[in-house]
Amino acid sequence: MIQSNVETFIGCESSFEEASVVLYGAPFDSTTSFRPGARFGPSAMRHESFGLETYSPYQDRDLMDIRVFDSGDLELCFGSSEMALSDIEKRAEEILKAEKIPVLLGGEHLVTLAAVRAVFNKYPDLHIIHFDAHADLRDDYLGARLSHACVLRRCHDLLGDNRIHQFCIRSGERAEFQFAAKHTDFHPFTFDGLKETVRELKEKKVPVYFTIDLDCLDPSAFPGTGTPEAGGVTFLELLEAIQTVSQTNVVGADVNELAPMLDASGVSTAAACKVLRELLLAITK
Amino acid sequence: MIQSNVETFIGCESSFEEASVVLYGAPFDSTTSFRPGARFGPSAMRHESFGLETYSPYQDRDLMDIRVFDSGDLELCFGSSEMALSDIEKRAEEILKAEKIPVLLGGEHLVTLAAVRAVFNKYPDLHIIHFDAHADLRDDYLGARLSHACVLRRCHDLLGDNRIHQFCIRSGERAEFQFAAKHTDFHPFTFDGLKETVRELKEKKVPVYFTIDLDCLDPSAFPGTGTPEAGGVTFLELLEAIQTVSQTNVVGADVNELAPMLDASGVSTAAACKVLRELLLAITK
Amino acid sequence: MIQSNVETFIGCESSFEEASVVLYGAPFDSTTSFRPGARFGPSAMRHESFGLETYSPYQDRDLMDIRVFDSGDLELCFGSSEMALSDIEKRAEEILKAEKIPVLLGGEHLVTLAAVRAVFNKYPDLHIIHFDAHADLRDDYLGARLSHACVLRRCHDLLGDNRIHQFCIRSGERAEFQFAAKHTDFHPFTFDGLKETVRELKEKKVPVYFTIDLDCLDPSAFPGTGTPEAGGVTFLELLEAIQTVSQTNVVGADVNELAPMLDASGVSTAAACKVLRELLLAITK
Amino acid sequence: MIQSNVETFIGCESSFEEASVVLYGAPFDSTTSFRPGARFGPSAMRHESFGLETYSPYQDRDLMDIRVFDSGDLELCFGSSEMALSDIEKRAEEILKAEKIPVLLGGEHLVTLAAVRAVFNKYPDLHIIHFDAHADLRDDYLGARLSHACVLRRCHDLLGDNRIHQFCIRSGERAEFQFAAKHTDFHPFTFDGLKETVRELKEKKVPVYFTIDLDCLDPSAFPGTGTPEAGGVTFLELLEAIQTVSQTNVVGADVNELAPMLDASGVSTAAACKVLRELLLAITK
Amino acid sequence: MIQSNVETFIGCESSFEEASVVLYGAPFDSTTSFRPGARFGPSAMRHESFGLETYSPYQDRDLMDIRVFDSGDLELCFGSSEMALSDIEKRAEEILKAEKIPVLLGGEHLVTLAAVRAVFNKYPDLHIIHFDAHADLRDDYLGARLSHACVLRRCHDLLGDNRIHQFCIRSGERAEFQFAAKHTDFHPFTFDGLKETVRELKEKKVPVYFTIDLDCLDPSAFPGTGTPEAGGVTFLELLEAIQTVSQTNVVGADVNELAPMLDASGVSTAAACKVLRELLLAITK
Amino acid sequence: MIQSNVETFIGCESSFEEASVVLYGAPFDSTTSFRPGARFGPSAMRHESFGLETYSPYQDRDLMDIRVFDSGDLELCFGSSEMALSDIEKRAEEILKAEKIPVLLGGEHLVTLAAVRAVFNKYPDLHIIHFDAHADLRDDYLGARLSHACVLRRCHDLLGDNRIHQFCIRSGERAEFQFAAKHTDFHPFTFDGLKETVRELKEKKVPVYFTIDLDCLDPSAFPGTGTPEAGGVTFLELLEAIQTVSQTNVVGADVNELAPMLDASGVSTAAACKVLRELLLAITK
């Protein structure tokens, strides 16, 4: 019998019921201020993942050994940020209600806010670990408070001080760096301090939302993103950091800001796929 | 004395006071549902225009002979369509108040709505001549009523029946074609009927807003656009049609939907520049 | 309940049982001698089809009105042409056995041979209508008899003289043109003679396999193909020709040789999608 | 015995002695004012020509039937236009001295001046037939009199009035159009008048230098050029015009202004190769 | 009142009078021997700079705190290197006369010669610090002595031995390395020795011209340049080196050899912008 | 006398007789399962090599000092892997018979098998040193045993256990890593252990075939390859490793998997050229 054409991220072919992790894509980039295209990130990752092996020699684990369901991309409205966020939040809620870990594929970084709203609703003691080139702490951007440039600030509105742990930030307005100094656990440029942060979060046994803006990577490793920012971390540093974070109680995660059309070589999409594979293998340990 | 770096579309170096036509750019594409990038259209046109001559052998006229002021691009909010439209409308109003013709460089087609609002406010008997591959007559698109796919429908909300004259449309939902059959002066596929329409509008002496979605051109001539639609008009057909429309009383105009990054050859931007040159020369006759 | 991510060509969401037409993709280009990449054709068409409307104003028909099942892409071996052809043939047989029309998405043109084998097995009085820039009538290419450059010759091995009707051919060795003069119904450069051919085939009531090498289109309309050949037909000419051919008893068809990576503008993929939509609507009339 | 790697344009493998036509490449674009890259034209044509058949169904002739020697590219100085021109002229002289027809592959259009100098030296009654989008009749360009924008003006300095026959010109300063009206046989936009011009030149039995700026083609057919100019001729119109010109006594020719990097699809290079094949077959009839 | 469209590098909006640093662009690449396109470097930097923050977390300084005037690009003749150099030199002289630091945006590296001529005229005890992948010490290149490949040799003609300090050079003819060993302060491959050089120059209190060929960066960080040379320095190493050099008395500087079209991802242009920001902030300390 | 257009890799202009090393290109990629294009690798390297210097400052040696003959590319059948391998093997045999070192330019990695067959035939005690991102140890790939993914497994069929020394492998199925643990001298991720391996091979005085899959490089340094795999070695690490390996008795070598069209910046091709230069200079020491 000829089957329908189900398309998933490689090795993520579990049923929803059996899955412990559920992927969901948010192809949204309406507030991107510089170069759009992150909307194509999740489908590109799914599509190009067949160039990747399911086995990770770094962790000696295989996607075939774990149970991930890929629920595909949401169909989001490009006219209104709030409508899009609301749809993303609903999907995250459904996944959480079924006691599975939601892993969001962006899209621009604003989509993280929707996931955090849902996760925070379930886990009021939530902390966020944030890898990014940009602080994303503006209060508004050209008048918009729902903007990729404000997403961690909106998260701070929810969680309050010292619950957001930011790493490898190397770009922002002076005001954002000043805000960070007062209100977040801020680690510019590198992953220095990550192990300490993780140790404390493990001790506190708090739930963690883990958001990876792929532009934390140096543009040499990841050119396909809207706002490339020279001077980032290497791929191997990111891999190690992901394994470190995965020692905490990760209850939700996302990988965002791949804009595949900006890197015709396909290297960025391939890197994003590998990050996702390692993330999935690490958080299911 | 060393001067500041003023950048204008080629040959559009009049002062605002002396100008009869004023260019203004709306680098906005937040509601683009398929492939974004039209936000870069106006700056690309300005920038690449220095590859164009100011003289048109088609009309035997030269941009140096007319007076156009280029006011540059507006800085628009990517978070909210209504805020962006409001800023565009204000600029159009300023230009109209100074008794000059506003010529808008998009951006996605939604920006036309802002210009039409301003022009309609001044000229309540306004008609619209619309060149496009797409009908743009949806009532909403995934819930958004302010969408590039709805822009002519929103114009129809303002102007009512038989005041919108659509040409070379070759794409849309069945419902849009049915709406057009009842409510607009609809000419699918080609410019057939344009001369008759123009004759009538001249006789009625009504003011005309002229909106050119560059994707009316065949993708072979204009690949650099978000939603290329095979089977369009040729560049020379468009040139002739522009001269025909310019016999009416054009009180506002726009050229939109160039997404320059989608055509790395630069051919689309060059074609857009040439369309703008011919449009400026034609409407100032 | 969260669903799996089924991906189909737009509007082809029928079940297999209810469908009258079944799409199947053959992502194969191993024998491509110049520029490969046609392997990515079928997935690109499926993926980019969401930029297309389901409604055709040319035929006033809508994909939502007909019943097409998209069975996705076969997983083919890149090491052996014969193994790949065998897998494609099996899929075509399954579809034919279920009394549905198989419509193949290539891949390089060699894949047509597999479909023709299956269709010819069911319909021994089969004729082929062939649109192409290239004659594809070599007996071998650098020693390989299973090559994109030989595919119609291999079909001739099966069907014999005067059963292959070739249109708009504009490239080949002298020997191929000489072969064509003797053995096929040959119409170089244009669709001249197509109406007469179709009239005869209708009178004879013979089954027809319809193979469209998209490089019959002029490269201006369709640059994204391995061996672009200037001087081809226009998109509108092709559309009309498809409607003409569809008056015959089309029992199998294919659309091939889109190499999407060769046209970063996306115009070629969009054109291929539109050709497929029009083909599906025409052959189900 | 293992041979050296001789690389020629396809089918141009005659020895120098036996050849009646000699190709020579001038990879020069130093005076290009807008987008450079024509320097890569000749090597790209040579390299990509293996995607072309040697047989022309348009003329029913084959490159294997004629004798063309490909002398490769000159190594030219990018620092000085005059030094480069001098080297090109020397090569043309050598070819002419051996009583062969020199066919130059540009490079920017300025290289034509070197060839014309050599040919004019041998044939003082020389006429030029010029296909181009641009008049190239400026007296200087930003102070430079040796510029691609001045090349026909420099030829006019040599040949004088009414010996230059220009076709399909659609761009230039007003002053160039005025100069043309007085001093050249000028046919804007199309090939209208070509047959009459050719008839006269045949009657006069004068030698003809034939220069084809490939940007005479519409950018849809030939996007890969420094200054694409919408509204050009089609590929088939150019093919017919080449055959028409070849009825005169063509004693030298060139094909120039392919900038292959500007058209990643390869369509422009393929078209240039086909133009060259047809030109070689036509002038050796 | 609607303003003219002044375009500057981000945050460089001082008036000429108030400025301590003046940017000037030299869009010239006529002598580039391999892949041209550096002519588009300065306008790309200006244009893409709006994707950059004005604040540097590396130096905790902001472009809004300093006073830079951007005088735009010169209009240079592509026909003659000497004419172009002369125009650049004049602009540098004007800036120097006004007691401001000229910072040149290339263009190919030859443009540095013009700036050095002007600066050397004012400061006869000038030293040059040179970051580059290539030695640029040829005496001529294919006969041209004014060539990008000769620029430091021409500077040596002016300044003489031991006044040119070269770092991270990793490419050249053997003869250039031999020349360097005798005549310049030469540091191949890395920035090793930079601190010592800077200490000496500080002690001597000599004026320094600082020329950065961006291809000193590894091509992974900076692919968009005419002659990428693997094995270069990292972005962070360059940043640190710039801060080191800025401890000397920098009286003129340039950033050159960005060829933006060669890196469609935009990463190279973004990196160049960031280098310029850091340079401006460092030399104004 | 005008010469034919001989095209070689830069500085490889020796005659066959005098040469100690012979280059031969295998433009084959038929079994590439993900993104094809490695067929264009050897011609791109030859063509772009003129952007490289012949002199290596790393080794203080110059290609002009050694004797390399470039025999160009083989014309290979794309229909059959075995036919292609057979033709490559024949060429390798001819070179070996003349007592020269064959250096193969791929193409996909499968071509290595042909060279190894020929070299192993001459040197039955052959060892292989293998640099790659991928283990290439599958027994078959989708049924094909002659596949790029199986090439080292096929070599193992010939040479047996502990004769294949693999470095920097970071991708494969779990089964391949398990096979390697038992049957090859396996060094994942880095060049750790290379010096020890080389010391042993020197002591044993065994002949060594050295195969470099360029995707061992990190994609940041080498994006232009079919299956980029993040986390690779740097260019300088590879350079050092090449010099280390060259201390053994290298009797054959290859450089493969450059797919130049996948990296439009040209950086990958330039890096491949530099690797080849360093390899040639190192193995002829």
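A, B, C, D, E and F are the chain letters, set down in written order, and residue numbers restart from 1 in every chain.
FYI, a contact is a pair of C-beta atoms (placed from the backbone, for glycine too) under 8 Å apart; a residue touches a chain by one contact, two chains touch by 3 or more.
Molecules present, by chain and UniProt name: A, B, C, D, E, F = Agmatinase.
Computed from a predicted model, the values in this text were never measured in an experiment.
Chains that count as touching both subunit A and subunit D, per the definition above, are B, C, E, F.
Note on C-F: its contact pairs, compared by residue number with those of E-F, C-D or A-B, agree for more than half at A-B. In terms of their C-alpha centroids, the spacing between subunit C and subunit E amounts to 55 Å. Between the CA-based centres of subunit B and subunit D the separation comes to 38 Å, rounded to the whole angstrom. Counting partners per residue, subunit E has 35, 218, 220-221, 264 as the residues that reach two or more other chains. In terms of which chains touch, the assembly is arranged in some other way, matching none of the line, ring, star or all-to-all patterns. Chain pairs that touch, as defined above: A-B, A-C, A-E, A-F, B-C, B-D, B-E, C-D, C-F, D-E, D-F, E-F.
Per the touch definition, subunit A reaches subunit B in the complex via residues 29-33, 35-37, 39, 75-81, 83, 141-147, 261. The residues of subunit B lying in touch with subunit D in their complex are 50-51, 53-55, 57-58, 62, 218, 220-221, 235-236, 239, 264-267, 270-271, 274. Only residues 34-35, 169-174, 177, 188-189, 218-221, 223-224, 227-231, 262-264 of subunit E touch subunit F when the two sit together in their complex. Looking at the complex, you find that subunit F touches subunit D at residues 1-8, 16, 22, 43, 46-47, 69-73, 91, 94-95, 264.
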